[in-house]
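Note that the chains take the letters A, B, C and D in the order they are written out, and that residue 1 is the start of every chain.
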Amino acid sequence: MTAKPKIVVGLGTCGIAAGGREVYKAIEKALTDNSIDAELTQTGCIGACENEVLVDIVKPGQPRISYGKVTEEKIGEVITNHLLNDKIDREFALGKIGEGELPAEYDDLPNFFVDLPFYEKQVRLCLRNCGFINPEVIDEYVERDGYEALKKVITEMKPEEVVDVVKKSGLRGRGGGGFSTGLKWEFTMKAVGDKKYVVCNADEGDPGAFMDRSILEGDPHSVMEGMAIAGYAVGADEGYVYCRAEYPLAVKRLKLAIEQAKEKNLLGENIMGTDFSFDLKVKEGAGAFVCGEETALLMSIEGKRGMPRPRPPFPANEGLFAKPTCLNNVETFANVPVVILDGPDKFASIGTEGSKGTKVFALTGSINRTGLAEVPMGITLKEVVFDVAGGIIDDGKFKAVQAGGPSGGCIPEDLLHLPIDYDSLTGAGAMMGSGGLVVMGEDTCMVDIARYFLTFTQSESCGKCTPCREGTKRMLEILQRIVAGEGEPEDIEKLKTLGEAIKDTALCGLGQTAPNPVLTTLRYFQDEYEKHIFDKRCVAGICVDLMVYLIDAELCNGCGRCRKACPVGAVSGEKKELHTIDTETCIKCGVCVEKCKQEAISLQS
Amino acid sequence: MKAENDFNYAAVDNIYDTWKAQKGALIPMLQEIQHEFGFLPRTALEYLSKKLNQPISQIYGVCTFYSQFHLKPRGQHIIRVCQGTACHVRGIAKIATALEDELQVPVGDTTEDLLFTYESVACVGCCGLAPVMMIDDVTYGRLIATAVPDILKKYERGEDNDS
Amino acid sequence: MTKLNVTINGLPVEAEAGMTILEAAELAGIDIPTFCHDPQLVGAGACRICIVEVENARNLPASCVTPIWDGMVINTESDRAVQARKANLSLLLANHPLDCLTCEKSGACSLQDYCYKYGVSETDYVGEGKDYAVEDSNPFYERDMNKCILCGKCARVCHEINGAGAIDYAFRGFTSTISPAFGEPVENSPCVFCGMCTDICPVGALTPKLSKGKGRVWEINKVKTICPYCGTGCAIDLHVKGNEIVGASGNREGLANKGHVCVKGHYGWDFVHSPDRLTKPLIKKDGKFEEASWDEALSLVADKFKAAGAEGLAGLSSARCTNEDNYLFQKLLRMMGSNSVDHCARL
Amino acid sequence: MTNSIDEVENADCLLISGSNTTEAHPVIGYRVRKALKNGAKLIVIEPRRIELADYADVFVQIKPGTNEAIFNGLLHVIIKEDLYDKEFVAERTEGFEEVKAAVEKYTPEYVAEITGANAEDIVEAARIYAAADKASVLYTMGITQHSSGTNNVLAIANLVMATGNIGRESTGMNPLRGQNNVQGACDMGALPVVFTGYQPVVDPAANEKFSKAWGVSLNDKPGLTVTEIFKGAKDGTVKAVYIMGENPMISDADLNHLEESLDKLEFLVVQDIFLTETAQYADVVLPACTFAEKDGTFVNTERRVQKVNKAIGPIGESKADWEIIMALANKLGIDWNYGSAEDVFKEITSLTPSYAGITYQRLEEEEGIQWPCPTEDHPGTKFLHQGKFSRGLGKFHPIEHQPPAESPDEDYPFILTTGRNLYHYHTASMTGRSKGIKEFSFEDTLRINPEDAAALGVADGDMVKVASRRGEIQVKAEITDTVGKGVVFMTFHFSDSPVNKLTNCVIDPIAKIPELKVSAVKVEKVAEMAAK
């Protein structure tokens, strides 16, 4: 059979949002219209979000060419040029991947993973298949050594040996606290129970984190294989993936993947003819961030309110339905086949003393290159922010990076030299968390950011324990007062006292870390709080209540548009003469600014 | 009593039967009930409580815990009335009264025909157009109370797509 | 039982493996405040008032749900623990009506007691508070959810002990409350009014109506006795002020019931003070009862009994009366020559 | 009870029959639900779909008055399927073969025909019960208040012994006593045939012991039972009756018949806390103290003797019952001199071997003691029949099903069965005077199946007339599928709808219990105006 050219469209949630489905249809049309015989398929997210929609074209014997930012209108032309005329459209081409011959004129095309600055420092273990395989076709996973690790484990290794390998690799949980995965497995293995479970935490709820979604959408089998290996190691025959309901595509692909794996006897009864059986179910969340906390997650699978329960007993001893349960997150499980196939030593050679392997980060905020990046542990924050993410947009000045989502903290410029590992981030008051990195420039108000994250955690508090239920509410009320210009001198002290008390006494991880965004901004940016409270000023120009609208006397031509537009009658002035805004009456809605053709009105702190 | 008899118990039976073998499957059952009815009808929950032998208080606790679940039907169109300062100053109260007169439901409720859910919102950010309300994604600004019935009629006639 | 050695507030304590810090402290006679803990209920670790400082622990664990380990060094009243405890008290106080002057629970309220102990006289954190209507539509107890501190014991006792499961947590986060389904009043729920929730409530959120305004805690003397209703034999405490019963509650020492009660034992004591009580002997004269002296009444009875003779005399003793009453009853009849003694055991 | 209340929650199978546990014994009901949470299997055999039926693994809904048949049926299946405990039967019992022969004909199909239950349910229930390691039967008046009450109990005993489900922790046969001190009243010899501790009056040794202790020569012939007493009153052989703390005018069967008896009596003295329906008939009424005003002891259903403590002084001139009896004794020329309830108790323990080791001090310290407690160093007895029955070998009794005295017919087409509700107690003389309870539960209803109601044209809340061959009453109808077709239910708490005007006073020949649980009645709707 002569190989056909292959066209791969990135259809993760991000690709779809960027118009991937339309692009896909346009390609179908172009192929039909031009009678081109090519295989059209889809893949998950490769991580380069800013370049969506991504389309890769593989012509037999040639390297894979990746096109970015393609549009519905232009893609037809790109395809026909490439496939019929061997012409690569340089406007869209990002780079080449893999071996093969190209016409000499394209020798200068960058090598995607090597030359593109976004990928240069990345090491792709978890994301090894994302963006390459069609997640809806199991064979594509199998072709890339899929289920080889499981095969090795169940045919050649004893459960204890599997646990030892994972322990030796130094793999730590990628979801939050960073507990040793091998130890967790060992505890579950040793726990006594007539029934055991493996549970995958796919309740990725942090605003700004989407790596788990990308893995589930782009490479569901890697997670399932990791879970089955865990099942064999700990003695479980049943597993659950708890996926948030807001990830419908991930749920769909997981369910499909489970079905396909069962058909191939890679899951289910007597896997690959061995004595090992492992069944997998998907449970959809119902909209509660706290269910990302492991005990709350278990409660939710049990059909209860997702209210965390005290630990100990830890899930390894008493987890789902009070049975020993091995619970890890998506990224952790996705690492497992790599650890098994490459061996623990190779895995452990990546990273630092205490943090092995890689970590996937979701890069967002005021940076040039947003997206998913998998970097080796130990790389510095500075490298991630400036080398991988390309620094602040519009050559702006870096102010802070928020690491670890609502549970994490803001890290200032003078700590950018910190290596990315569990302990350094925790030491700085932030945490690895799920791996969200929000980069902020000078125009970000740190008080406002703290308020933003606390608004989130406060609204997601389950209400069980006093400090989280009552405390986050009071902290939020104080922050709301401060950004509204009603802050009082003792507020800073109150925030610190409350923050420490919540951190010290809350029942679960969500509560204990909820004050982090406030405590870290207080630690590194207390002066901004003080300016809000004492000077009633927001230097970043974000907190509207602390600003006034002023009309520039030089620019105002007295046209009266602002006066007419003002909904509260705060603007006065005779026609053709300078207008003024009564700041007492003004509600700062900003309509006047929109209306002013002279650009004479602006917000001043 | 009649309404009770008309209730589609069979739908709940089916959902229950699909999931009963799986331990702790309350949440998927609720998800499917909501999918079936568009919300979680009290009758369905009480019926399910009996089938599961699980206290209704517990089921209610679960329903009110997860933001995905709605205990009241949601309208086909969501009306949001702006409560911002500008709208307040410009007389949103009259608009609200006009809406309540037309819809015959208080804020937070849904009309009996399930066409509208009537909510209020802190500020939609169109102060220059105050007073403002939104229906689904469409913003109606510089509203006068007398215009309200006509706007709603458009939706009642199903002519909202062209707005 | 494996013995573990721990140190609590500098004191060496030998405790059993599997015990919580709270239990070990109890052994040592060290009091740790709690709201949500109850030895009969599954541990919740919700109120976080029982937090203590443990050497080398990252945060302050809740003593009620944290098991001890050998060599554990615990300080229940360290500065850090006390500060955190005060912060949590202050937070609860910020969302709790301060109507202690008229509150039924005053004097027996744990929130009041701990605020007193830790000198928390007012809250540092003013803000939005609860705003629920007080529910008093049932005749047995009042529910004022504004006073609720969400320890959850009422819901747990309802599910775990009673089994009715009439109430549970509803909503989430700051808007959480304890409620019957659909926010209905309790009489429209499976509530069977055992009132164990009112016994277990640490604050004034759940208060028995019959006792309302009848006496302050410190004026009340609790007398342990046995419930006069069915054959379970529940130990109950009668709450006595002067010569009046003003309330009742389950007594946990009772081995038959361990403090559990039902609606009759809990709220059925006030017949004692019914105006219908017989207070004087009555003799029927011309078909109408007239009050008489004991001497007169008993003389008449004695005469009639003698006249009836052993064969003509019979007695119905009582399954409600004490052993002592029953014993003397049958003894009297038998001494009069009649074995015709029975009671309604069969009914 | 052969076992303790505490043991209920550790049983792995509970068979509940003739007991609406969650309403009549709520606190024991909590333990049942705890047992279910702990994973116990539940079999409910009841004419009504009681609350616990919803939690049952098998709910066998039977016609009232068919209990022996169902238990024979269970035993039939157990023997047929070879599920019985051969070792236990061989070592600890006698008479098995006769019972085996007797239950031969009680096939599931035959039993289904008699009881109206499903044959499959009978088989399922039998298997569950037989498979359990620790099975406990809980029952109350639904088993005993029948003309065949004794046989019902024996049929259960056959089942229990055949499966070896007795004499161990959480394993046994547990009648739940209905009144606070019904156990104590029996223990104290408030029965026509026994002195305290079940020492027969006809036993010469016992008679001599008590004669000596009390200083008189005692009658050694059995006395009359309550039903016989009223019969005697009616025919004039009983002349004076002393009633202490009982209200038979509400609780007894066939009240019209009873009224006649009381009217005929020469002299009636009633000693009570209220002027009860019965006290209305008295010649002399003596005011007694309530439980709150006196010291003494109660014995609960698990044979636990517990201390009752005086909380308040007597109301008015009322006196503790024992004080009244003592005063009367002294009027009769018997010189009694008890200084306290404790003095009386000391005399009781000195004459009652099963109480011999009990003292007030121990009761206070040990939270009650379960008899038998023969010596002061004996801890009391948690469960009975360990290793050995009181008579030695457990005796099987072949039992034949005997239909109730009254069966529904054309004139009286419904079976009326009675019971309690959660809120009231017995004749409601106490609960009916409790503010909260009275406000919450103030009237009775006739529970009737929707199909029956429809046939009668009765709507929920309609006033109906319920009549038996003995009398008639009016009550509101409550339409519910918790009762089967052809069965109606009422409680006996309410004096304005005194259901015992309808019940049948035919008694069980051995236990002399009236058949309160089965009477034939007719139901008709009362015309609107007449209802008011």
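Everything that follows uses one rule, which is that a residue touches a chain if its C-beta (ideal position, glycine included) is under 8 Å from a C-beta of that chain, and two chains touch if they have at least 3 such contacts.
It should be emphasised that the depicted structure is a prediction, and the values quoted were computed from it without experimental measurement.
K.L.:
Figure out the least number of contact steps between chain A and chain D, where 1 means they touch directly.
P.N.:
2
K.L.:
Using the mean of all protein Cα atoms as the middle point, what chain has its own Cα mean nearest that point?
P.N.:
C
K.L.:
What's the distance between the Cα centroids of chain A and chain B, rounded to whole Å?
P.N.:
Whole-Å distance between the two chain centres: 31.
K.L.:
Between chain B and chain C, what is the gap in Å from one C-alpha centre to the other?
P.N.:
43
K.L.:
If you average the CA atoms of chain C and of chain D, how many Å lie between those two points?
P.N.:
Inter-chain centre distance comes to 29 Å.
K.L.:
Just how far, in Å, is the C-alpha centre of chain D from the one of chain B?
P.N.:
A distance of 55 Å separates the two centres.
K.L.:
Using the touch rule from the top of the page, what residues of chain B touch 2 or more other chains?
P.N.:
58, 61, 65, 67
K.L.:
Could you say which residues in chain D touch two or more other chains, in rising order?
P.N.:
none
K.L.:
Do you know which chain C residues sit against two or more other chains?
P.N.:
Residue numbers touching two or more other chains: 169, 171-172.
K.L.:
Can you name every chain pair that touches?
P.N.:
A-B, A-C, B-C, B-D, C-D
K.L.:
Considering only the defined contacts, which chain B positions touch chain A in the complex?
P.N.:
Going through chain B, the ones touching chain A are 22-28, 30-31, 58, 61-62, 65-69, 84-87, 89-90, 125, 127-128, 130.
K.L.:
For the complex, which residues does chain C have touching chain A?
P.N.:
So the residues of chain C touching chain A come out as 43-49, 51, 59-60, 62, 65-67, 80, 83-84, 87-88, 91-92, 94-95, 124-125, 127-128, 149-150, 152, 169, 171-176.
K.L.:
Report the residues of chain B in contact with chain C in the complex, numbered from low to high.
P.N.:
Residue list for chain B touching chain C: 42, 45-46, 49, 54-61, 64-65, 67, 71.
K.L.:
In the complex of these two chains, what residues of chain B are touching chain D?
P.N.:
The contact residues of chain B facing chain D are 50, 53.
K.L.:
Taking the touch rule as given, give the residues of chain C at its contact with chain D in the complex, in rising order.
P.N.:
Counting only chain C, the residues touching chain D are 138-140, 161-163, 187, 192-194, 209-210, 223-235, 238, 240, 243-245, 253-257, 260-265, 267-274, 276-284, 289, 292, 294, 297-302, 304-347.
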